[in-house]
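Below, each structure is written out as C-alpha cells.
What follows is chain A paired twice: with chain B in the first complex and chain C in the second.
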Partner chain A sequence: MPDFTGAGADNMRLAVLSGKGGTGKTLLAVNLAAIAKNTTYIDCDVEEPNGHLFFKPQDVQEQAVTVKIPQVDKERCNGCRKCVEFCNFNALAYPKEKLIVFEEICHSCGGCILVCPEKVLTEKEKIIGQVQKGTSEQVTVYTGILNPGEPSGVPIIKRLFALNKPKTDQKTIIDCPPGSSCIVMESIKDADYCILVAEPTLFGVHNLNMVYELVKLFEKPFGVVLNKCLEEENPAEKFCEDKDITILGRIPFDHELGILNSNAEVAVRSSAKYRAIFSALLEAVEKEVSHETTAHS
Partner chain B sequence: MKIAVPVEEKSLAANVCPSFGRTPYFLIYDTETKESSFLENGAAASTGGAGIKAAQTIVDQNVSVLLTPRCGENAAAVLKAAEIELYKTTSPSVKDNIKAFIAGKLLLLDEIHAGFHGRGGR
Partner chain C sequence: MKQLLILSGKGGTGKTTIASAFIKLAKAKAYADCDVDAPNLHLITGWNTEPQKTDYYGLPVAEIDRELCIACDQCRQNCRFEAILVEEEYKVDPFACEGCGVCAYVCPVEAVTMVPAVAGDLMLYTDGENVFSTAQLKMGSGTSGLLVTEVKKQMRAATVDSKLAIIDGSPGIGCPVIASLSGVDMVLVVAEPSVSGISDLERIINTAAKFGIRTAVCINKFDTNMEKTEAIERFCQDHGLPCIGRIPFDPEAVTAINNGQTIVDLHCASGKAAQEVYAKTMELLFAEEVG
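For the complex of A and B:
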C-alpha cells in the first residue's frame, strides 16, 4: 500500500524522476511548479542543480551543509589499525606509524570512531555543500548544491527536506537527480506521487525501466510523461501500454521549446502554447493524486 | 631490497597489470635472495578506495620500491608516507622491468593521476 499521508491535490508532494540525465526532469518540474503558482520547488539534483537557472530566484539565503568525518589524535594512536580494517570505503590507511584519513573518500558513517579501542578518533565537521532558498514569482525555490568531489549528496537532500516541512496548502515539486541510486531514493522517500519522464527511444525505455522498478519497489503511485514526442512510433509509449502504466501527457519535440529552454526561460511564463500543455499535465497529475487518495483512504 | 609489481597472473612470465589499485596480484621480488612470492590484492574488488587499500598491502610487505605503469594520488600518498619509491614500467613483461630496474634503466614515476573514483577508466 502506498504511503499516503492524507495528501490531496492541494498539498501533494510530486517527485519528477528519470533513469538518466537530459530527459526533461527539470523542464517538467520547473514548469509544473510555475503553472501551479503557490508552490515549493526543490532541486535535489545536487550534483548539477539547474532549476535556479530558469527561476532566477530573488532574496536568496544560503546555509552550509556539513558532515562529520574522523580526526585522529596522532600522539595517542597506537596503530592497532582496527579503523583501517573496518572502513568499507578504504578511507583510512596506516603507513609508517601514522594514520592517514582520506577525507574525500569518507562516507561519514562514524564506524571508525566506534571501533577505535583507544578512543583517539573524534568527529570534526566538514562542509560538503550548501542549500539555497529564494523566490521566483509565487514559487519558493530550494536548491541543493554538492561541492565537486564529495562522495554523497544524501546529507544535502536530507537538509532540503528538513527545511521544507510539508505544508497544508502548497504543492511541492521535487526535481530528482538522474538514475535510481541512494540519492534518488532519498529524494522520493516522502513523495506522494512520482512522475517518470521518458524519451521516445529504446535507450529511453531502458532508463524508464530503471525508475519504473524503483517506484514499484517504493510502492509509490506513479505515471509517465512522454517527452520529445515525434510523429513516429514511441517505444516508451509501447512500454507503458504493455505494463499498463498511466500516461499523464506528452511534450512535443519542438523547436520553440528548445529555444525557450536554451534561453533559460520558464516555458509556461513565456508561451501560451506551453501554458496549455503544462496546465493539462498538472490537471492529469491532480486527477491521479485525488484518485489515489480516494482509493487508499 | 624488496620490489613490488602489480601482475596479471601468479607467474614471473606474467605481464604487468595496467592498474595498480585493482591488480589481481602483486609480485614481491627480493633483489638480494632473488626470491619471488605472489600476493593476492584484497583491494581488487573494493567499491571504492582500492588504491589506498592496495598501497597499504604493499606498505605492509616492507618493500622499498614499486614498479608500476601508473598510480593514483591517494595510493601515492600512502606509498610516499611509507617512503616507497615509485618507478615507471616501460614494457609489459614483468621480468624485463625487473632487469631494467636492477640495471638502473627505469625512471621515477613522476606523473600521478587524480584517480578515477568510481568513474571507470575515463
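For the complex of A and C:
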C-alpha cells in the first residue's frame, strides 16, 4: 500500500477527464477511489452516470434537484409581452392571447419575474433529476442523475459540490463528463489536480488536446494516464512527449480488464494484478500533487 | 431529404466510426458532425480543402464598466449563476455568465452592457456537390445546443440535392443531443455490451422516445461480452426496438481510424458487419411509414 504522507495528499481533490467518451474515465476514477480507501467519489457525468453501477452503494439516500420555472396567473396577465421580449433564451412566447413557457429551454434566470409590470409571474420548482449518496466499503459514493429530456445537468453538479464541501481528511475523486463545455468546467472548478485519460487513437489524441487546452486555461496542474496501451506506437504518448506533459502511468489493453469492466466490477477489488497497477498510478498522482503543493507554498 | 442521426448515450462506443463508414457506403452528399464539444468526424472524411469558417455567436456576455459602477451589489444579488465576482471591483466571470441580461436590467446606473461573444467556429466543407457541416465549441462554453442547431441549419442550406443526410451526434442525453434530435427521421444508437453501456442505452432510448423519433439499435464490439450483447438484444425485443446488427471488436478498426480511413476502406470484419447494418438502416429509413 502506498503511504499517504505527502503534503496535500490527504485531502486532495482529483478530477478525471478525457474529452472523448469511452476512454476510461470511470474505470480510472472508480479504481483510484477504491484503492485509496476512505475516499469520496463524485460522479459528475450526470447525463450518463455509471460509477454507481460499479460501486453498488448501500444505504442510498436520495435528494431531488429542482430548478425554478416561471408560471403565469393567466387571469391577470394583460399580454404586454415584456417578459417575452426580455427572455434571451426564447423560453417564453405569447402567440394567441396566452403566455406559453417552454420549460426545457428556460435557464431559470428569473428575469421574466423581475420585468413583469403586473407581477403576475411567479416561480415553481421543477424536478430535473436527483443526487444520491451511499457507501461502498470505505468509499462514499455521490451520484448525480439528470432526467431524460432535461437539457442541463449543471444544477445537479452544483448540488453535488454543495453537499460535498472539501474535507480535511478525505481524498475526493471527481468523475467528469466527456467534452470540454460548461458542464466539464463546472466539474473541475474546485479540483486541485486533473488527470487526463487518453486512448491511443487519432480521435483520442484530438480530444486529449482539447482537455489539455481546458486545464491550461483554468491553470490546473495535471498529468496524463494512457489507457488501452498496446505494443504499437501510441499517438497519445507521442503527443505527451511533444508537449512535455507528465505521464502518470499506463493501463494495458487487456481482455481480462475489459471483461471485469464491462461487467461493472471494481477491478482492484477482484484482482491483485490490477491492485498493483492502480496503486502505482495513485502513488504517481500523490507524488505530483505533493510536488505541486510544495512548489506553490 | 431523410436525416439519420447516430447517437450512443455512452461515449466511445463507435458513433463516429459507424457514421464515417455509412457516409462512405452511401456516398452521402450531405453530412454533419453535431458533437460540437469534441468533433472528430473531420479527421476521417478525407477533405483536403480548408473549410469556410464562420464565427458562431452564442449568447452575449455581461460586462461591467468600472467607471460607472457604484458597487450597489444589485447585479450580484440578482444573478442566479454566481457570475458576478466581487474583488477589488465588480467583475463578470465570463464562463459562468449565461447571458440572461438580468444584471443589465437591475443595474440602476447602466454600468452593465451585454457584449456579443464568439462561442465557437462553424465550419463548412463543400465542393458544390458534397457538403460537410461541422463546428468546434469554444472551451467551457455553455451554448452547445444552439451551435448544434446551426450546424444542421448550415448543412441543409448548403445541400444542393440529396436524398440522405447522415448526422454524427454527441454522447450523453443533454442539450446538444436534444438539439440534434429535432427534425431527424431516425436515430441509430450504437450500443456497447457492458453494464454501463446498457444503462446508458436505456437513457438515450428514453430521451429519443420523449421526442417521438424512430430508433434502431446496433451493437458494436459485440464479442467483448456475449452475455451483455444478448441482454441488449432482449432489451430491444422487450421495447419493440429493431436491433439491426452486431459489429465485432476489430483491431483493424483502430488501424483504419489512425490512418484517417473508415472501416469500410479496409477489408476487415468490422467493415463487413457495418455494411450489413448500413443496408438494414437504409431499409428502415426509407421504408414507407405505416399509417
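Everything that follows uses one rule, which is that the second predicted complex is superposed on the first by the 290 of 297 C-alpha atoms of A that agree within 3 Å, B and C clash if a C-alpha of one lies under 4 Å from a C-alpha of the other, contacts with A are read in each partner's own complex, and residues count from 1 in each chain.
To be clear about the criterion, contacts are C-beta pairs under 8 Å (C-beta built on N, C-alpha and C of every residue); 3 or more make two chains touch, one makes a residue touch a chain.
Just so we're clear, the structure is a prediction, and the values are computed from it rather than from any experiment.
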Contacts of A:258 with chain B and chain C, given as first, second, both or neither: second
Partner chain(s) touched by A:96 [first = chain B, second = chain C, both, neither]: first
Which of chain B and chain C A:163 touches, first, second, both or neither: neither
Which of chain B and chain C A:88 touches, first, second, both or neither: both
Which of chain B and chain C A:276 touches, first, second, both or neither: neither
Chain C-contacting residues of chain A that also contact chain B: 88-89, 151
Interfacial residue positions of chain B with respect to chain A in the complex: 43, 46-50, 52-53, 55-56, 59, 74, 77-79, 81-83
Residues on chain A engaged by chain B in the complex (per definition of touch): 84, 87-96, 98, 100, 102, 105, 151
Chain C contact footprint on chain A (complex, rising order): 19-23, 26, 45, 47-48, 50, 53, 68, 86, 88-89, 104, 107-111, 114-115, 146, 148-154, 177-185, 199-203, 206-207, 210, 213-214, 217-218, 235, 258-259, 261-264
Chain A contact footprint on chain C (complex, rising order): 8-13, 16, 37-38, 40, 43-44, 59-60, 78, 80-81, 95, 98-102, 105-106, 137, 139-142, 144-145, 170-175, 177-178, 192-197, 199-200, 203, 206-207, 210-211, 224-225, 228, 254, 257-258, 260
